[in-house]
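Heads up, the next two complexes both have chain A, just with different partners, chain B and then chain C.
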Partner chain A sequence: MADRSKRLAFLAATIGVAILAALPLGLSAYGVSTGIVYFANIALATAWAFFSGPTRYVSLATAAFVGVGMYTVAVAHVSLNLTVCLALAAIIGFVFALIVGPSTLRLRGVYFVIFTFGLTELMRQVSSWYEINVTNKLNRFITISIDSTTIYEMLLVLAAVAVVGSWHVSTTRLGYALRAIGEDETVARHTGVNATWTKVLVFAIAASMMSLVGGVYALRYPSIDPTVGFSNGWSFQVLIAALLGGPGRPWGPAIGAVLLVLLSDFLVGAFSRYFTIALGVCFVIIVYFIPGGIAPRIEQLYGVLARARQPARSASGARAPQEPPADEATADKVAGSEMREVVPRRRSALHPLMRRLTRSGPKLVVRGGAAPPPGAMLSVHGLRKAFGGLIAVRDLSFDIPAGGVTGLIGPNGSGKTTVLNLITGELQPDAGSILFEGDEIIGARSFEICHARIARTFQLVRVLPGMTTRENVMLGRMFGSDPTGPAAAQSDADTLLDRVDLADRAQLIGSQLTYIDQKRVELARALATRPQLLLLDEWLAGLNPTELKIGIDLIRTIQREGVTVLMVEHVMEAIRALCDHVVVMSAGMKIAEGTAAEVLSDPKVTQVYLGDDDAAA
Partner chain B sequence: MLRLEHISVAYGKHQALHDVTVDIAPSRATAILGANGAGKSTLLKTVAGLVRPKPGGRILFYDRPIEQEAPHRIVEAGIALVPEGRRLFGEMSVIDNLRIGAYPERARAGESERLERQLTLFPRLAERRQQLAKTMSGGEQQMLAIARALMSEPKILLLDEPSLGLSPRLVSDLFSVLRRLTEGGQSIVMVEQNAYQSLKLADHVYVIDNGRIASAGTPEEMRQDKMIQKAYLGL
Partner chain C sequence: MFEVVLNGLILGGMYGLIALGLNLQYGVARMLNLSYGEFFTAGAFASFFAITLYHLNPLLGLAASVPVSFAANWLIYRVLLLPLIRRAPNQDALDGDVVLCTFGLLFVFQGFEQVYWGGNVRGYYFLSTPVHFFGARLPANRLLAFACAIILGGVLILVMRKTRFGTALRAIAIDPIAAGLTGIDVFKLSALAFALGGAIVAISGALVSTFIASSASSGIAYTLKALIVIIVGGPGRMAGAIAAGLLLGVAEQVGGYLVDPGLTLAINYAILILVLLIKPTGMFARG
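Moving on, here comes the complex of A and B:
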C-alpha cells in the first residue's frame, strides 16, 4: 500500500514536471517569468528546509549563498562557458559553506540566526568595498544573452531536483541523523552520530543548491550589484515560504513557496499601497492558526479522506499502526493467563514486561569479533574533573572487570554521573586516564566512543520526543558500532522492541510514552548500538518491587549474553542482586570497593550513604 | 477539602483514568500507590489543571469546582504540585527559584518570612543560596522543588514521586522532612513507588490500578492486604 502510493506520487510528480516543462511553448512572456519566480522560490525554500527543517537551526544565510552564486556567474561568464560557470557557482557555494559552517554551527538558537544574518551583511559590505575600491564600478554587467524559456527550464530542473532529493534524503541514514540532531544533539552524538560533520555537510549541500539557483537567476538581470546579489529579501522570503508550507515535510516548503508568491501577487494587485501591511497581517493569521505549516494539514485531510473511503477496513481490521498503545485492559487480555498466575486479582498492578519474563526471545546482543580479553574491560586511573571551584571527581581509580556487572553507588552529588560523562566523552577530564580494552579513550568524541562499543542511558530519560519508538531504536543500529541502512536497522529495532515488550508501541512518538516505557526505549537504543560495555544511569529508579524484579532479570540477561555492565543505582536490592563488584563514591572520591556484601556493611558507606534506615531497600 | 468526583481522563484513545472518585481530608497525608502507567501522575496533573478531565467529572476544592481552571488559578486557590523530575528553573539561582514560588498574589505577603522558613527546613538550600539550580545534585534539586512549591503557601501540597533517584539516606531525609510538614498541619497528597516509607507516613491510602481506584483505606489495612504486600512491598 505504502509502496503503491509512493509510486503513484512519483508518477504524478513526473507528469507534473513534464507538463510544466512543456508549458513555456504556450505561455506568454509574463507566464514564463512568473514560472521562474515560482521555481526559484521552490528550490530555495526546499534547500533551506533540507538543513534547517530537521535540525531546527534557523538560517538567514540564504541570501549570502544566492549572492555567491550570482557573483560567480557574473565574474566567470566573461571568460568561461555557462555550464562551467554554473558548476563553479555550485562548488564555490559548497566550499564557502564548508568554511563558515564549522564556526557557525557551534552556535545555537538566536546566536546562529544573528550570525547567518550578519554573514549576508558582511558579504554585501565586502563586495561593495571591493567593487568601489578595486574595480571602481558598482555594477557588473551580464553580457550573456539567454532567453527566459531556458532559465525557466533550468530552474524547473533545480526545483524538481531539490524536492525529490530532499524527499529521498529524508528516508536515508543522513535524514535520520539530521532529525536526531534536531531533536537532541547530545543523544545523537552518544548514539554514534558524527553530529558536527553531518551538520556541516548538509549545510554545504543546501548552500550549493542556493548558489546554483542564484547563478541561474543572475542571468535574468542586465547587471548585478551588491544590493541585488546579497539582498536579505531572499533570506526572509525563503524562511517564510518554508514555515508557511511546513519545514517538517519534504514537499512542504515547495507548497509554501507557491502560496507565498501567489499571495504576494494577489496582494500587490488588491492593496498595492498597503501591500506590506496586508502581507504581514496574512502571516500573523497563518502563524496563529496553522503553526506547523500547511503541509501537515493537507496530510491530515488526506488521511481523513482515505479513512472515509475505506470504512470497512478500519472498522474490522487490525489496529492501524498509528494507533495509541493498547490500553491496558486489552493488553491484559493478551497476557492474562501468564499474569494471573503471578498475582491472582489485580494483574495490571504489574508491568507488562512481566509477561515476557519467562519467554526466551531472540538474543539482545549480537556479538562481533573475538571475546573480550579476561581482566579489566575498562580501567579508570587518577581521574579528576573540576567545575570551577567544585571538584566533582578527584583522583578516582577503579577497574570494570569484563563480563560482569559493576555497581557505582554513592550519595547524590558524589560525582557518579560525572564519571559516566567522562567515560562517554561528554566531558573531558582535567587529569587521569581511561583505558577501554587497553586503549586510551580520553579525547575521543562521544560518537567515537559509541563506535568503540560503549553505550549508555541517561539519568533524566532522553528519548527523542518527535521520533517514534522504532525510530529511536533504529538510530542506535544505524549509527552504532556496526552501522547499517534504515531497512536492516528497522528489523533489528523491531527485534529489540519485542524483547523489551514495546512492540505494540513501535509507532508511538517518544513524547507519548510513559516514563517507564521511555526508559525501555533508551535501553533498547543503547543495545542497538551493539555495545561491549553498557553504562546504565539509574535505569531502575522509580519502579515498584514487581517491576524491579523484571528490570533486574533483564539486566542479568543482557550480562549473560556477553555485555559488561556498569550501573549507577540507588536501589540496593538491585545492587545486591546483580553486582559482583561495587565502587562507592562520596564527594568525588572512592571510599570503598569490593563485593556488594562487603561495601554495604562498611561503616563508612552506611554513614554517608545508607543512613540508619535502609530506606530504599 | 479536595474532592474528585467521577473523573475520567484520556490521552487520545488511551484512557488513563476511569471514573475516579477521591476524597482528601485536611491536615492529613494521603498516599497514592499503583504500578507505573496506572494513572497516578495523571491524577495529580488533573488536579493541578495540567490535564483536562472528560466532561461529567468534577473537582471540588472547598466546594468550589476547579476542573476547568487554568493551572495558575489553581495555585492561586492553594494547590501546589511538585512535578515528577523536579522541573526547576535551571538557569536561576536557588533563591530566585524560591522567590518565583511565591509569585501567586495570595503568597506575596510574607514572602521573605516564608523564605526563611524554607531555608531553615532545608539547611542545604541556605548553604547554596546563589548556586544555579541546574548545577545541584539530584537530592538538592528535589528539596528545592519542594521548597519552591511551599513558597506558594499551599493548602495542599501534591508530590509526584519525590524519592525518585535519591540515595537511600536522602530518601529517609526526604520522608522526615515530609513528616515534619504533616505534623505542622500541612496537607499532602503524594504519589510514590516507595510503598514502605509511604505507608509509614500516610494517614490514608488509595491504590490505583489500571486507571481505577482499586482499594482505599488506612495504611494498617493496606499492610494486611496480600496483593499490596506482593506488588508494592516486595514481601
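Moving on, here comes the complex of A and C:
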C-alpha cells in the first residue's frame, strides 16, 4: 500500500512536471520569468533543507555557493560550451564545499550560522578585490544569449531533481544517517555512522546543486559582479523559504519557496512603499503562528480529511493481516497519560521471552565451575587519562575474558564511564593501550570501533528523540558491523524489539517512551550493531525489582548467545548474579579484581564504598 | 607604522563599543538579536537630526535615543521573545525562532527608517578637528568614541564584577537554569540586560555617527561586526569584547597597510575563523 501511494505520488509529480515543462509554449515572457524565479527558489530551498533540515545546521552559505556557480559560468563561458560550464559549476561548488566543509562543520549553533555568513562576505570581498586589482574590471559580461524558455526548462529540471532526489535520499541509509546526526551526533557515531564524512558529503551535494542553480541563473544577467554573485539576499531568502515550508519534509521547502515568492510579489503590489515593513511583520507572524513550517500543517489537514473518509474504507483495510491500524492508534494514545493501564498487556507479552529463557537451560548456572574460555577479548594496559589537573584514570590495566560478563564497579567519580569512553573512542587516552582481540584500538574513531564490533549504551539514556523506536534500532543495523539497507534493517529491528519487549511500541517516537523503555531501545540499538563486546553503562540503574529481574535475565541471554559483556554497575545484586569477573576502581585506579564474591568481601572495596568507619565496624 | 597601530586601536575601540550592547543581549540574555544594528542607526539618526534640524549638539540626541531604545528593547524581550522562550523545547529550536523573529524585526525597523527618513546616507561634521598625539594626527571625534568605549567598558566590567546585579547577570550568562534555582529572577534581569544592551548600542550609534555616515540599511553590518567581536572575545565577557575589538581593529589597519586596504573584511573573517577553530568558546573565555 505504501508502495502504491509512492508510485501514485511519483506519477502525479511526473505529470505535473510535464505540464510545467510545456507551459512556456503558452506563457507570456512575464510568465516565463516568474517561473524561473519560482524554480530557482524551489531548487535552492530544497537543496538547503537537504542538508540543513535533518542536521539542523542553519547555513547562510547558500549565496557563497550560488556565487561560485555564477562566477564559474561567467569565467568559463568565454572559452567553453555551456554544458561543460554548468558541469564545471557543479563540480567546483562540490569541491569548494568539500574544502570548507570539514572545518566549518566542526562548529555548531550560532557559530556555524555566523561562520557561513562570513564565508559569503569573504567570497564577495576577495572576488571584488581580485576583480579590481587583477582584472581591473568589476563586471564580467555574459556574452552568450540564451532565451528565457531554455533557462526556464533547465531550472525546472533542477527543481524537480532537487525535490525528487532529496525525497529519495530521505528513505536511504544516507537519509537515516543525516537524521541521526541531527538528533544526537554522539549516538550516531557510536552506532557506526561516519558522521564527519556524511555531513561533509551531503553539504557538498547541496552546494553542488546551489552552484548549478547559480550557474544557470547567471545566464539571465547581462553581467555579473561580486554584489550580484555573492549577495546575502540568496542566503536569507532560501533560509526563510525552507523554514516557512517546513524543512523536515522533502516537499516542504518547495512549498515554502512558492509561498515566499507569492507573498513578496503580493506585498510589493499591495504595500509598495511599506513592503519591507510588511515582509518583516510576516516573518514575525510565521514564527509565532506556524512554527515548524506549513508542510506539517498541510499533512495534519490531510490527515483530518483522510480520517473523515476512513469509515468507508476501514472494512477493506482490516482484512490486510500485516496492517494493524487499530493497534497503532492505541499505541499512540498509550503514549500519553494512560501508560499505567497497559502494563498488564506488556507483562503478558513478556512471557515468551521468559519461556525462551527457561528453555535455554536451568536459570541458575553455577558460574564458578564454567571457566571463561582462555584469552582476553579486550585487554587494557597502563591506561591514563587526565582532565586538566584531575586524573580520571591512572595506570589502569585489566582484561575482559571472552564470552563472560565482566563487572566494572566503584564509587561515583572513580572513572568507570571514562574507561568506557576511552574504549569507544569518545576520548583519547594520554597513555596506555587497549587491545581488542589483539589489535590496538586507541586512535580509532567511535564509528570504527562500532564497526570493529564493540557496542555501548549510555549512562544518561540517549534515545534519538525524534525517531521512532523502530528507527532507533534500525540505525544500529544499518550502520553497525554488518551494514544493510533500510528494508532488511527493519525486519531485524522488529526481531530485536520483540526481544526487548517493545514490539507494541515500535511506532512511538523516542521522546514519548518511558525511562525503562528508552533503556530497552538503547540496548536493542546496541545489539543491532552486532557486537562481540557489549559495554553497558549502568543499564540496570533506576529499575524497580521486577524490571531488574527481567533486565538481569536479558543480559544473561545475550551473554549466552556469545556476546561478551562489560557492565559498569552499582546494583550489586546484578553484579553477584551475572559477573564472573569484577574489576573495582577507586579514584581512577584499580583497587581489586577477581570473582564477585572475592571483591565484594575485600576490605579495600568495602572501605571505598562505605567509608572508613563502616568498614571498621 | 606607529600611526597605523594607533589608528587600529582607535578603530578597535569603536568595534568594542559597538559590541558591548550585543554582549549583554547575546552573551547574558542569550538572545541573538539581529535587529540590534537598527538601534545603532536609530542612535545615529537621532544625533543627525539634533544637529541638522535643531542645531543642537549631536550628543544631545542621546537624550531621546537612549530611553527610547532602552524601552523598545525591553518590550522586544518581554513581549516578543519571552513567549518564544517559554515555548521552545530546546536551545536549538529557540535560537532558530529568535533569529527568524528578530530578522523580521530588522525588516520592520529598516522599512520604517527607509519610509520616514529616506534611504540616503546621512552624515555631518562634528569635532572633526585633528588632535596631535606623539606626532600622529588623530581626529577628535574618533578619540571621543574611543574614550567612551574604554569608560563604558570599564564601568560595565566593574558592574559585572562588583555589584549584586552584575553577579546575577554573570550567573545567568553561565547557566540560566541554575541561576533561577538560586533565587535570581532570570527573566526580569535578562530583560533588563537586553534593554541595557539596546541603550548602549544607541550611545555607540550616536558616537560613531560623528565620524561615519549612516543610512537606513547600514544597521546589519554593525550587528555582524559586533557579533564577530563577541565571538572572538567570548560571549558574556565585557573585557573580552573590548580586547577583541582592539585586536580586530589593529589587525584590520595593519593588514590593510601591509597587504591591501580592500581586504580588511577578509582579515576580520580570517581571525574569526582561526578563533572558532582553535578555541570555539572565544579567546578570552574561561577554561
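Operating definition for what follows: the second predicted complex is superposed on the first by the 546 of 617 C-alpha atoms of A that agree within 3 Å, B and C clash if a C-alpha of one lies under 4 Å from a C-alpha of the other, contacts with A are read in each partner's own complex, and residues count from 1 in each chain.
What we mean here is this: a contact is a pair of C-beta atoms (placed from the backbone, for glycine too) under 8 Å apart; a residue touches a chain by one contact, two chains touch by 3 or more.
Computed from a predicted structure; not experimentally measured.
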Which of chain B and chain C A:Y515 touches, first, second, both or neither: first
Going by the touch definition up top, name the partner, chain B or chain C, that contacts more of chain A. B
Figure out whether A:F479 sits in contact with chain B (first) or chain C (second), or with both, or with neither. neither
Which of the two partners, first being chain B and second being chain C, lies in contact with A:T276: first, second, both, or neither? second
Who does A:M572 touch here: chain B (first), chain C (second), both, or neither? first
Could you look at A:Y217 and tell me whether it touches chain B, chain C, both or neither (first, second, both, neither)? neither
Identify the residues of chain A that lie in both the chain B contact region and the chain C contact region. none
Taking the touch rule as given, give the residues of chain A at its contact with chain C in the complex, in rising order. 56, 58, 103, 106-107, 109-111, 113-115, 117-119, 121-122, 125-126, 128-129, 132-133, 236, 240, 243, 273-284, 286-288, 291
Would you mind writing out the residues of chain A in touch with chain B in their complex? 323-325, 327-329, 332, 343-346, 348-351, 387, 390, 409-414, 459-460, 512, 514-517, 538, 541-549, 570, 572-573, 608-617
Contacting residues of chain C [partner chain A, same complex]: 32, 80, 83-84, 87, 91-92, 95-97, 99-101, 103-112, 114-115, 224, 227-228, 231, 260, 262-263, 265-266, 269, 272-273, 276-277, 280
Chain B residues within the chain A interface of the complex: 11-15, 34-38, 41, 84-85, 135-140, 161, 163-173, 175, 193-197, 207, 209-211, 214, 227, 230-234
